[in-house]
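After this come two complexes, each holding chain A, first together with chain B and then together with chain C.
Take a look at the complex of A and B:
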């Protein structure tokens, strides 16, 4: 650990106070049962989100609130964390998102407003970097990946490859940063995320009718489940995968999630269970009195909470049946 | 009412010729209208089938898309779909349906991209699997959507033409032809009247002449 655990005392204290204000399952249930989006909005204005949702004049603009909330959480964590690197690691995902957007915008020759102002690299600088092919300020792996994207796109013109290359670089970078910082809890989180993404990718690639070669291109290394373990399943029925993973920690998730995916043809259950799995993992660190775990957990909890709010609002605006929303709602962290 | 004309024999002949012409035109236009309606019905039926098919598929795809939208942030979703993998080139030609110039579409996917590229323009880590199904349906429905656009435009143009033709047929049938017949009758009557007048005059003169003798 880069710094003494007791340095987290203040941060963890703040997090404890903030955690109490997270929306719980009960409140989500009430929002799902609300009769209209306006009613959901009213419930939100009675919660932690009172000030931000109170200003919302048009319900369809809720995305701006959600993204400013995200920005807000990162700002907050940045001020309380004794170890800024942690927030930098957690924000890397958004850098990669911005990179993807900028590359695509550049190849399309358009301007894009899809940048998320959360990443470690200020968006203005990022715009310049992509425009001038100068990626010196990026972490090494991302720099190499960005150069690779440039090379590949000129030859293949395949936008999917942009995402694939950058996603791979992102997770490699995350793992190596967690290793370097020597925070096993953080590394454990990324490994699980990688495994779950790989499992999902496996089924998706299979459903798309692509083979092993393609799966290899989309596969994220460094997970607990290696390519050799998963790659074979691409040509076999998924039943065998379920059996094969029966001894791993993902057994119940795979059994329930993938079976449901096979039966109903929708990944909703699997995706929910995957997110819940991460939540359950992070909950283990929740009661650490000192250390970065509660911070990581809180950040994830907030991200999941925003996801749930989005799900409910989109669902209510479009009049989805309550059941369709309920089965997708992620477990709350508290 | 009738057309104002000089009641002369020449005018009568002229009008008779016009009437004949109007009747012939009326018959031809009526045939054209019937054929247009026949073609129209065929297209409308095809249009309806296509539209119902496509609407069903699209509403399915949109429902899936909505669910994908609900579990992904707007930025992520738009980033995923920002750069389309497929490019479609559309050529528009003309096809002649009963002298109506309807568009004829032909389209092909551009080949500046490799065969091996998938229809999915995004990576897997940040996207929901629920997006895949809707993209797949949408990509399958595209060519039929083109077909629908073609048929729908043809139907629209045909209906305009039918309306025009019908108006012409009616104008001939209810306005021009009755008018002409009326006028012809009027001239014929006038001429007969003149003839009778001349006859009476002749007889009168004959009487006067005979009385003097």
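Take a look at the complex of A and C:
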């Protein structure tokens, strides 16, 4: 750890108070059982989100509120952390998200209204960077990756490389920064995220019928699950993967999540379980009296909370049955 | 150094080290409490109680220092002419509270700061948080007891 862990005393004290105000499972259940999106909104105005959702005039604008809430959390963490690098590391994911959105807008003509104003690089600057092909404000790995996307796309015209190249660069950067900072908890988070992405890629590649070579190209290194462990089962039925990962900590996730994915053809259950898996890992942060862990955990808790609110609102607006929403709701951190 | 100087070094260490420990301990709890009170100002009273706990080691150190000063005559009428071995006897008598005071106050501060996190979620459990912190206090009290017994046992 870069600094004495008691330097986090103030930040953790504040997080402890904020954690107590996270929405719990009970409240999510009530929101899911609400009769309409308007009723959900009314419940939100009676919660921590009173001021932000109180201003919402059109229910379809809720995305703006969710992303400003996220911005607000990052601002808060930036002011209380004794170690600003931590927040920069956690924001990097959003830089890459914005990069992907902008590249896709440029190459695939998808309209880009999904920028998230949270990354280390302000969105305006990022738009300009992509427009002018000038990525010098980004960390080296991301800059090189962004340039590579440009080169590769001109040759191959394959939109998949955008995600692929950028994700590989992102996780290499995250792992290397976590190692440099010597925070094993953070590295553990990234390793698990890498494993989950690799599992997801594996099923996708399997579903699309692409072979081992393609999986090798998309595989993210540095995870706990090696390429040999996963790549071997690509041409075999799912059962062999379930058996092979039966002894790892991903056993239930694979058994329940991937089976459901293959049965129903949608990854939503898997994605829920994957998020819950990360939540379970980060929950340790709740018991740490000092150190960066509670900050990392709280940030994730809020990200999941916003995701749940989005799921419920989208579900209610589209009049999905309560059960369909409920099975996708992520476990709460508290 | 003369015997008297060595004895005074003992007093200085008792007051100084135990005081440093308390300052660090109280400081940690104070930061943690300020974080909680930023979000929840009603918890000020409860956190103040927790913050005070690691402060006792400093008081124990001061008490030990006073006893040394009083025994060698810094406080009082006649200054004793101590031999060097007698001086060392006072220095050694001060060591228990100096060392245990320093470290136990820091650790008690960490426990108290954790208890601040506890009352953030369960204010009704303040008592349990205090009990945890007071467990650390035991060892400071034992060290104080040892230092006092040693001091009064020195035949001068």
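Heads up, the rule we're going with is that the second predicted complex is superposed on the first by the 323 of 334 C-alpha atoms of A that agree within 3 Å, B and C clash if a C-alpha of one lies under 4 Å from a C-alpha of the other, contacts with A are read in each partner's own complex, and residues count from 1 in each chain.
Note that a contact is a pair of C-beta atoms (placed from the backbone, for glycine too) under 8 Å apart; a residue touches a chain by one contact, two chains touch by 3 or more.
Only a predicted model underlies this, so the values are computations on that prediction, with no experimental measurement involved.
Student: With the two complexes overlaid on their shared chain, look at chain A and say whether chain B and chain C clash or fit.
Tutor: After superposition on chain A, which the two structures share, chain B sits beside chain C with no clash.
Student: Between chain B and chain C, point out the one touching more chain A residues.
Tutor: Of chain B and chain C, more residues of chain A lie in contact with B.
Student: Answer with first, second, both or neither: which of chain B and chain C does A:80 touch in the superposed model?
Tutor: So A:80 only meets chain C here.
Student: If you stack the two complexes on chain A, which partner ends up touching A:15: first (chain B), second (chain C), both, or neither?
Tutor: second
Student: Quick one: is A:289 in contact with chain B, with chain C, with both, or with neither? Answer first, second, both or neither.
Tutor: Touch status of A:289: second partner only.
Student: Write the angle, vertex at the C-alpha centre of chain A, between the C-alpha centres of chain B and chain C, to the nearest 10 degrees.
Tutor: With chain A as the vertex, chain B and chain C sit 160 degrees apart.
Student: Touch test for A:271: chain B only (first), chain C only (second), both, or neither?
Tutor: first
Student: Is A:6 in contact with chain B, with chain C, with both, or with neither (first, second, both, neither)?
Tutor: In the superposition, A:6 contacts chain C only.
Student: Thinking of the overlay built on chain A, is A:159 touched by chain B (first), by chain C (second), by both, or by neither?
Tutor: first
Student: Which partner does A:311 contact after superposing on A: first (chain B), second (chain C), both, neither?
Tutor: It touches chain B, and chain C stays clear.
Student: Check the superposed model and tell me the shortest C-alpha distance between chain B and chain C, rounded to whole Å.
Tutor: So the smallest C-alpha gap separating chain B from chain C comes to 29 Å.
Student: In the complex, go through chain B and note every residue touching chain A.
Tutor: 64, 66-67, 69-71, 73-76, 78-80, 82-85, 112-114, 117-118, 120-126, 128-130, 132-133, 136
Student: Which of the residues in chain C come into contact with chain A in the complex?
Tutor: These residues of chain C touch chain A: 28-29, 31-36, 38-40, 43, 109-110, 113-114, 116-117, 120-121.
Student: Across the complex, what residues on chain A touch chain B?
Tutor: 63, 66-67, 93, 97, 100-101, 104-105, 107-108, 112, 114-116, 156-160, 162-164, 166-167, 170-171, 197, 200-201, 203-205, 207-208, 210, 214, 218, 220, 261, 265-268, 270-271, 306-307, 310-311, 314-315, 318, 320, 324-325, 328
Student: For chain A, which residues count as touching chain C in their complex?
Tutor: Per the touch definition, chain A meets chain C at residues 6, 9-20, 80, 289-290.
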